[in-house]
Amino acid sequence: MTAKSAQRSVALSITGLSKSFAGVRAIDNLSFEVPEGRAVALIGPNGAGKTTVFNMVSGVYPVDCGTIAVNGVDVTHMPSRKRIAAGVARSFQNIRLMAHLSVLDNLLVGQHRRNASIAAMLTPYRLVPSHRWKREALQALAESGLEAYAKENVGALPYGVRKRIDLVRATLAGANVLMLDEPAAGLNPTETNALRGDLQALKARGLTLLVVEHDMHFVDSVCENVVVLNFGQKIAEGPLSTVRQDRLVREAYLGVEEEA
Amino acid sequence: MSATEGAAFIELENVYVERAGVRVLDNVSLTLRAGDRLAVVGANGAGKTTLLRTITGLQKATSGTVRAFGRVRRTQEDFREVRIRAAYLFQDADDQLFCPTVLEDVAFGPLNMGLNEQAALEKANATLAFLGMEHLGERITRRLSGGEKRLVCLAGVLAMEPDVLLLDEPTNSLDAKHVEKLMTVLSSLDKSMIIVSHDRPILDRLATRAVRMKDCRLEPAVLHRHPHVHEHLHVHVGEDHA
Amino acid sequence: MSGYLTGVLVTLSFNIIAAYAVYLPIAAGQLNLGIAGFMAIGAYAAAFLTNEMSWPIWAAVLVSAGLAGSVGLMIGLPVLRTHGIYLAMATFALGQVISAVFLNLEVVGGAAGYPVAAYAPPNIVFAAAAGVVGFMLLLSTTRFALYLTAVKSDPTVADLLGVSVRGIQAAAFTLGAMVAGFGGALYAHHYSFIEAQHFNVMLSVFPVLYVLFGGTQTVLGPLVGALFFTLAPEWLRASAEWRYALFALFIILFMAARPQGLVTMSLFRLFGRRKPQVTT
Amino acid sequence: MVSQQIVNGLMLGSIYMLVAVAFTLAIGVLNFLNFSIPGLFMVGGMAAYGGVKLGLHWSLAFAGALALAALISLAVERLAYRPMQGGDPEAPLVSSLGFLVLLENLMLIRYGSDQQAFPPLLADMNLRIGDLVIGMAQLASLALSIALVVWLSWFLSATNSGRRIRTVAESGETAVLLGVNMSSLAPRLFVGSAMLAATAGILFAVNYQQVSPFMGEGVGFKGVAAMIVGGMGSIWGAVLGGLLIGMIEVLSISVIGANVVNITVYGLLLLILILRPQGLIGRPPSREKL
């Protein structure tokens, strides 16, 4: 039980990250760390650059300067598809499930990283009545109580369900760092609670979370720390209760504390 | 129960929208009357932008009725008039600006309404003057700052003399100075508005009532005054009102 | 079987093979408008191997299919850097260049054409088409087929999930080229004569029509499209000279009414078992 | 001899150029790869031939051919372009190719599949400059195509209609929201593009004095190649690409032989696509928004 005070290793480390679009600084010399097994929220007003950070960590945008390390491995210049092997997976603000595939098929694509050999790729698994891959995906669905949707086409499902399936898919790659872009956005209270349960279960399994979220109650109940961005710069960092008192934060992010 | 008087400019009745098999608006009904300034709040992806796109006919309703300015609108031809009378201010200013100079950009809408070149330019100049931006007329659009671009876009839609403004995150990524300027202008305008925004203070200052988009559905949100030390309007979106 | 019927069925078999050659890259989101070029490679290589090297037909056909595939891979890698219409035009140009190369290759007859001594009877052609359909059905039960749809549906997300988008696309393109080469090699040995002019633009374009008309969402779409395109003009034979005009008119009107093609996922659902509505 | 080839290359190139500009109007503005354009090119040539054969004065025959092409293009807009909005990007390809096959077969039924000789209009009127022989028809065609393109370029940059078209090319939605009337603009663009293609077909018939129901395929596809070589969506790109491809075709025939035309022309296209996909004067595609 001394582990608690002992140093946790750093799962995600961002150092001196900068990015400009058409001459406008979107992210300016940003540094922060997410310790292993912890949950950190990236918060700030719209347009502060939160999603840009996600896009750089997952390799969708190249960085201008700075470094990104996942589990001690420098991934700054890795192609996106290799970053998931380094241990970082993400979800999307606008859910990006593949519309022409069923829920189960979407999850099977999510398993790719752990079944990437040529032999796995050419196995006619659909002919096997209850193939390990299918069982595993169904199991993951069942853990979130979504198994009833397995055969459905993703398009027809309610928004909240799709959102949670997106999360399940992100977990199936076996990455230990999950980046979730507004996971609770658009969910009703029941769904938000279910999501909170999902995330706490993930944390219990030792996963590390980086979350962009507007709902401060949700942030408060899931994340130990927050990093506040404004105009691409980090203006505060620490537990939410402390950060709320910060003058800069109140100016930049008016309205957050009023909702409470 | 605000604004029951006044003509209904825009009415949606049981509108459903599906895109690529995905339901993006779910049984949405809404009325916007003269003088209404309706705030639409809700999380990203809840369908707020789709709502504006459906009103302007950029997105076709799968079922339900879109009525605007007294007529049911179905075809692209029907929506042409709607788009002029209910002007849409883009989220991304660069999507709206493409002419070499500011003046030409602002004159583009009036030209499409059938004004001749001379009249359109006059209209553009007058609109820029109204916004106190006549000095920008000959500037190259691409070289403006983000805030200036947003205001030029606003000039572009105001020049069409719309009855309704559809504002999609109007203050997104603007600095404080331009937010202030934009707010002053918008609150001085005698026009109906639908304002999609995350920005509480903005909604507090502008909106007369509010709805919330959640899970592609509309639900009422109550707007009322609180005895804050700094008294202002603000939008309540608590679950208890659902 | 009457000679007429056999003739129609042989044509159908070649059309089915060509349709799947086009379907493979389309399933991964790439339009290949140069399939005739790969057919030409298969046809000329196989004919050369049986004519000049006295290889047995089966060996010549398989090796030529492999050769068409390798050429597809080699040329495909740089060409696949382009997307959308650019890719379509690049493959189109590729097809034109390949046929033009054969037009100038004197060792295989040049512009005069190239007679092929060995003969593949209709039954072999039928078996080959059935083999291609069987192969495609088997392939559709693998992760590879799943990734084809994933890459077409959302390449960015597929990439972020670790799927090598370019790898999948290159594999689909190469496999398609192989299937085209296979069809071309058989073609040479069934009709006993090939000429470069045969492998023209329209030979590339028609299979694309079969596939888009049949629908790209399911593995059966190309089969249905090829069946329809081969058999419908035969039924219209009564009005001999009008049949292609009528047929084209029908396609135009059909696509206007149903742009997503004939066979779609929702069509399957419509005829499949009705699933109980899931409620939250 | 080389200068003669250059004149011939410019002539052929100016025909490719018109077809390339026709394609550019369709894809650059409406994002529609309109494969009925080779058919409209053929309709221009064949209908002009049919009119002259009926005994009409050439001017009437030409006007009739242009009008016919315009009408057909309106049908393409109605049946191939309009229903496909918001659908699979490949679907319009099928129906526009359907139009090509339909037009070819209708002409086939009417005139047979053989090459038909188009009567010379300006026989024996040649301009001689030293060794250089320039036919009057050649000169007139060249002048006409260049005038057409210059006028179109002026129209797009200097008029209000042109400004509307450029807005649609930038973003269809922006244009529509700012009051551009797409349901009248799209048919006009289709007519404009058909007129360019049909004019090219008539000029081809006059200069090479032969027409056939399949004359559109070769020229039409080289027109697409020209558009891409120059840079998709740019009028001057289409001009450059058209002239370049015409020149390369004529020169490779005279230097190496007719059988290598497809290797040089499409080899160039392939090379350009691999090395510089945006074409010689085109902008690279923009970044995806997440």
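Per-chain numbering from 1; labels A, B, C and D assigned in written order.
Note that contacts are C-beta pairs under 8 Å (C-beta built on N, C-alpha and C of every residue); 3 or more make two chains touch, one makes a residue touch a chain.
Quick caveat, the model's predicted, so the values are computed rather than measured.
**Student:** A-C versus C-D: which has more C-beta pairs touching?
**Tutor:** Output for the comparison: C-D.
**Student:** Centre-to-centre on C-alpha atoms, which chain is most distant from chain A?
**Tutor:** It is D whose centre lies farthest from that of chain A.
**Student:** How many angstrom between the C-alpha centroids of chain D and chain C?
**Tutor:** 29
**Student:** Using CA atom averages as chain centres, what separation in Å is found between chain A and chain D?
**Tutor:** 51
**Student:** For chain A and chain C, what's the span in angstrom between their mean Cα positions?
**Tutor:** A distance of 41 Å separates the two centres.
**Student:** Quick check: how many Å separate the C-alpha centres of chain B and chain C?
**Tutor:** Roughly 50 Å, centre to centre.
**Student:** Residues of chain B that contact two or more other chains, please.
**Tutor:** In chain B, residues 21 touch at least two other chains, as defined above.
**Student:** Mind pulling the residue numbers of chain C that touch at least two other chains?
**Tutor:** Each of 156 in chain C touches at least two other chains.
**Student:** Quick check on chain D: which residues sit in contact with 2+ other chains?
**Tutor:** Only 290 qualify.
**Student:** Flag every residue of chain A that touches chain B in the complex, lowest number first.
**Tutor:** 24, 45-47, 93-95, 99, 153-156, 158-160, 162, 182, 184-189, 214, 254-255, 258
**Student:** Any idea which chain B residues touch chain D in the complex?
**Tutor:** Against chain D, the touching part of chain B is residues 56, 58, 60, 75-77, 80, 83-84, 87-88, 90, 95-96, 98-99, 104, 108-109, 111-113, 117, 156-157, 160.
**Student:** Residues of chain D touching chain C in their complex?
**Tutor:** 27, 33, 79-80, 83-84, 87-95, 97-99, 101-102, 105-106, 108-109, 217, 221, 224-225, 228, 232, 259-263, 265-267, 269-270, 273-274, 277, 285, 288, 290
**Student:** Given the complex with chain A, which residues does chain B contribute to the contact?
**Tutor:** So the residues of chain B in touch with chain A come to 18, 20-23, 42-46, 146, 169, 172-173, 198-201, 214-216, 234, 239.
**Student:** Inside the complex, what are the residues of chain C that reach chain D?
**Tutor:** It comes out as residues 26, 31, 78-79, 81-86, 88-90, 92-94, 96-97, 99-101, 103-104, 110-111, 156, 201-202, 205, 208-209, 212-213, 216, 241-242, 244-245, 247-249, 251-253, 255-257, 259-261.
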